[in-house]
């Protein structure tokens, strides 16, 4: 395996571990959210890189899917943290927006 | 709370793309990873995102509870209907090659798989949307 | 009348169906007590007539059969069906004849006592008779067991009739012992028999010969003997005194007509047709049972002696008399078996008279204790006369029916060279005298106790005795049964003749073993 | 017509399955009920048709779904045992459907009836699918359908406790399901196939591997959870007690039976009796647990004051009988086990239906509220007596037929103490049944209680009696159930009749 | 992965547990990718990372986010069962053929047939799809029905505006991640999802 791939893998790996540590330790909610978000971004990168390395274009579909779904997940988490409900604060939000 | 505008703009931009991607997964399942189930999940995610951003009431205008119920049933019925269709066409249940004229079993397979995946997609979309709506509605009280 | 020309299968069907119809009609006519009771007595009479129609046929050697349904498939041949043979015929005859009298008596008793739930009572009564006939005519152990359980269940509401706490408790004991023994032992014995012999049909000479011997045979016999809780062999006799809380006609039913008779009948029938008396005699498997029976009959007599409550005393007397019958079977020789079979009939007639009397005394005088009966003979002379006759019959003195059965039992014991048992029979008869005869003696010869409370009672109920029509409804049956006791002495021959085949047949089958058995 | 008959095995499952979404579409509650009833009765007719095709001729039907032959595709397999279980499930389903109307009107909010009936049909579909399939993984799929729907249906019972009961069932059931899945997965690992017949052919070669032993252990434990074998039964009593009456009747009469069927099928056909019983000593384990279940179940039942719970514990004991028959591993024992599936379905279904009638009329199934009910609901309570006699195993009831074969099986095996234990445990049944009967008939109701007649609605009553009457009919005339069971037992043990 | 799983169990803050759950799902997707099971990874991505997180959060909107402090006395039984299960699993894997080994039974029998024959029998290049929708199409039908059942179930339990159940009975002690009334839907959706996921493997 090419050296650059190894470096790439290690780099992504270290980043993921760091993100994981942050997610585990907290301490605030936002630390965790950010860590998870980062972790998932790195997963996207990792999958894309793996696809590139192994010459499997289907992995790109996977990466794309992650990217899309993660956005939805993050919005959901943020809304939960901010309002404690998926629906309750909508009215205010509508008015303010 | 002006900064919500970011979320809204991006969502507006992303949701059509998610739908498109879902359709891609639905119909490209023959060639790459994915299929009806995954497509349904992505559809439902898109709808969930819409609900998160614009609220349940607007989402329910598009997807009325009654409609969701019918869609849930429709998906299963499409799947089963395909199976029964094969049966009435002279084959066994879900024997897709019976759907087309003899001699082209592969076309039959293709057609049948496409149909059942479509059924799966509809059911999964509707069920997940329905569950999500039920949760959100319940949280309202 | 068409019944005269009916074929024999129809007769069997009628025997079984009539009590059922009777039960349904009783339930239907519940709102019109007079109609209901009249119908019941009429049905009972018809039933008795049908059963009597069967007697000459059986006597002539016919063994009519009736198969209803084969329960299990294929190689498990186990039909639910009936086959009439002398022993069953005897039991059916006893049950159906006494049913008429009991029915008349029960009407009198229930009305005289203003009991509630009379319709339920009579329905269960009819069902019990149905079950008794079923037991009598059963062609195999399976059918017998079925009706045995029907009998248990249909008499349970009778025992708990009053619905009081005491009645419920007794009902629990009654049901508990009868169901427990039958389900845990009789059923096991039955399936085991099937497992060994591959059939459950009652066959002259038995079905177990060659399939089992030694200790296992004894165990199997034990399962049957103790599993038949209705035979009230000690230590499973508790239900019988417990059931005394029930109204007296029920006691009559239990003790004379159906229940305990079904128990001893089962034991006799199993001994004769499943084991075969030759197998028992040949292996000596039933010797222990003789001693259990001997123990029971002495013990129960002693307990009876100590009881002051009239019905309880009679109950223990029954336990003792049942042991005679079991003993007869266990002796495993023709005389013993015949004696046992005859004793079913003679004891039935005698004991029903005693209970009728006890009931009549209770209804008219409100007395339950023996010690309260001093001088009451003058008040109810017919009743106490009947009591005396029946007592003598039970004791086994001529010229009463009981003499014959005890005579044959004694012969059987001598035949089997079981002299201790012969002694036990004699001692027990003496004890019978000691606990039965003092009752009429006191009633006739002792002076009434000067007790104010009693006087009051007497006064109140003398009126009942004289004025109401229910009085005769109780007195007449008990007089008839008392006469029956005497009649059985003089006309025992037909019965003996009819029963002969049970013993006769076995003698001819495997004679050598019998000879070898007695050293 | 012949064409349709040929497809009968799969139509048996697909028709109720597709009828469920149709319920959701129809929505109008009376129509939905009518539709579901028609479908269940049609299913009953189909399963009887199937039974007539495999018995008494003794053949087996195989149906390849999708036209893919085994082991490439999924096949359906119907033999005498399968057909009997199908008849049990559809029979109880059909009777319960007719019974359901008033009871459901009373217990379920009207706007959800269509979903309720859909879930009911799904539950039945799942059970039928488990029964009829010849593919190991397919078992799991349909197990999920039936389990999910039964969790929901149980949670619909009155009061909050139905929810916790259902949740407990969900947790236990999911664990059980996962274990089954692990078992199947491990088997697939070693054989590369999921088809039952193919598995049976390929397993002996790899029998001595630890993988297969672990698979066996996982699978057996998983199924034991589902069938509520003694120490794994904790979900059962509450689930049965708090579920809606209709559901209790249906689930109690069918779900555990199907699990027993799965256990029988896997141990005897797939793993093979020799591996399961000689190598793994499953018979000893099952025997011990079955005896424990028989006695502990009955003993606990004696002390219950809620009659539904009492019956639930009695189910536990009755399951013990079925498992006991399996552990005897001879024709008579196994026949007893299988015929008890059938008989217990009738009696327990009927008894829970009685409780449904009581629930409808007096709103409680607590013993203290039932005093003197014998006068107020004579027909209903007479049905209870009949069912109780069945539980005890009095002759001429179907319970007796089961016991007959079980005891014979125990004697065949030379285990006469087991025979004694079987009979002793039925004595415990006498006690708990009699406790109820005594209260119902011989205890006076409280002073302030109403005394007027309040017999259950005719349709409910008729259906209750239909099941319990059948249990008497098949007790007196056991040719068909016992014959089918015996054929099935001989098939399982490879004995030629 | 193990670390994450343990953390999920130990955490009292349900919200944090949900977040970690997302990470767990991502990790397992990564594992599937490494094992070259793209379809499974795809499903895991769609379900695990996306919708199930949202649904769990949906559950959390209905229940308190902190687990109730039930008395945490040491419970031997569950631990024992877990250890036994784990031991049995490990015991079972000891004899298992190595992953990807060419002559493992799993690769020689049915799977081999699928790989060989599926291109001939259908025009679909992704044979996973062929297996799921055609060879084992009936299983997929079943799975669709499972999803359908889950949908029906949630609507039955949560649907409708009328509050059926009154009575402030004390909420019973429940396990982590479970509320009292509404956990069924979530759990069921998860169960359905996981069931479907298993199907792909």
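Per-chain numbering from 1; labels A, B, C, D and E assigned in written order.
Everything below uses one rule, namely that a contact is a pair of C-beta atoms (placed from the backbone, for glycine too) under 8 Å apart; a residue touches a chain by one contact, two chains touch by 3 or more.
Everything numeric here is computed off the predicted structure, so don't read it as measured data.
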Chain labels contacting chain C and also chain D: none
Shared interface partners, meaning chains that touch chain A and chain C: none
Farthest chain relative to chain D (centres taken as mean CA coordinates): A
Most distant chain from chain E by Cα centroid: C
Central subunit by CA centre of mass proxy: D
Pair joined by the larger number of C-beta contacts - D-E, B-D: D-E
Chain D-chain E separation of Cα centroids, rounded to whole Å: 28
Mean-CA-position distance for chain D and chain B (Å): 36
Distance from the mean Cα position of chain E to that of chain A, given in whole angstrom: 20
Shared interface positions of chain D, touching two or more other chains: 17, 20-21, 24, 65-66
Chain A: positions in contact with at least two other chains: 58, 61-62, 65, 69, 72, 76, 85-86
Two or more partner chains touched - positions in chain C: none
Interchain pairs in contact, sorted by label: A-B, A-E, B-D, B-E, C-D, D-E
Chain D contact footprint on chain E (complex, rising order): 88-89, 91-97, 104-114, 117, 134-139, 142-143, 145-146, 148-150, 152-153, 155-157, 159-160, 162, 164-165, 167, 169, 172, 174-175, 178, 180-181, 183-184, 187-188, 191-192, 195, 198-199
Residues of chain D that touch chain E when the two form their complex: 17, 20-21, 24, 65-66, 68, 71-74, 109, 111-112, 115-116, 118-119, 122, 125, 129, 135, 137-138, 141-142, 144-145, 148-149, 151-152, 155-156, 159-161, 163-164, 166-167, 170-171, 174, 181-182, 186, 188-194, 202, 206, 209-211, 213-215, 217-218
Contacting residues of chain B [partner chain D, same complex]: 69-70, 72-74, 76-77, 80-81, 83-84, 86-87, 91-98
Sites on chain C touched by chain D in the complex: 69-74, 76, 80, 142, 145-146, 149, 153, 157, 160, 163, 168, 171-172, 175-176, 179-180, 183-185, 187-188, 191-192, 194-195
Of all residues in chain A, those that touch chain E in their complex: 20, 23-24, 26, 29, 32-33, 36, 39-40, 43, 46-47, 50, 56, 58-59, 61-62, 65-66, 69-70, 72-73, 76-77, 80-81, 84-86
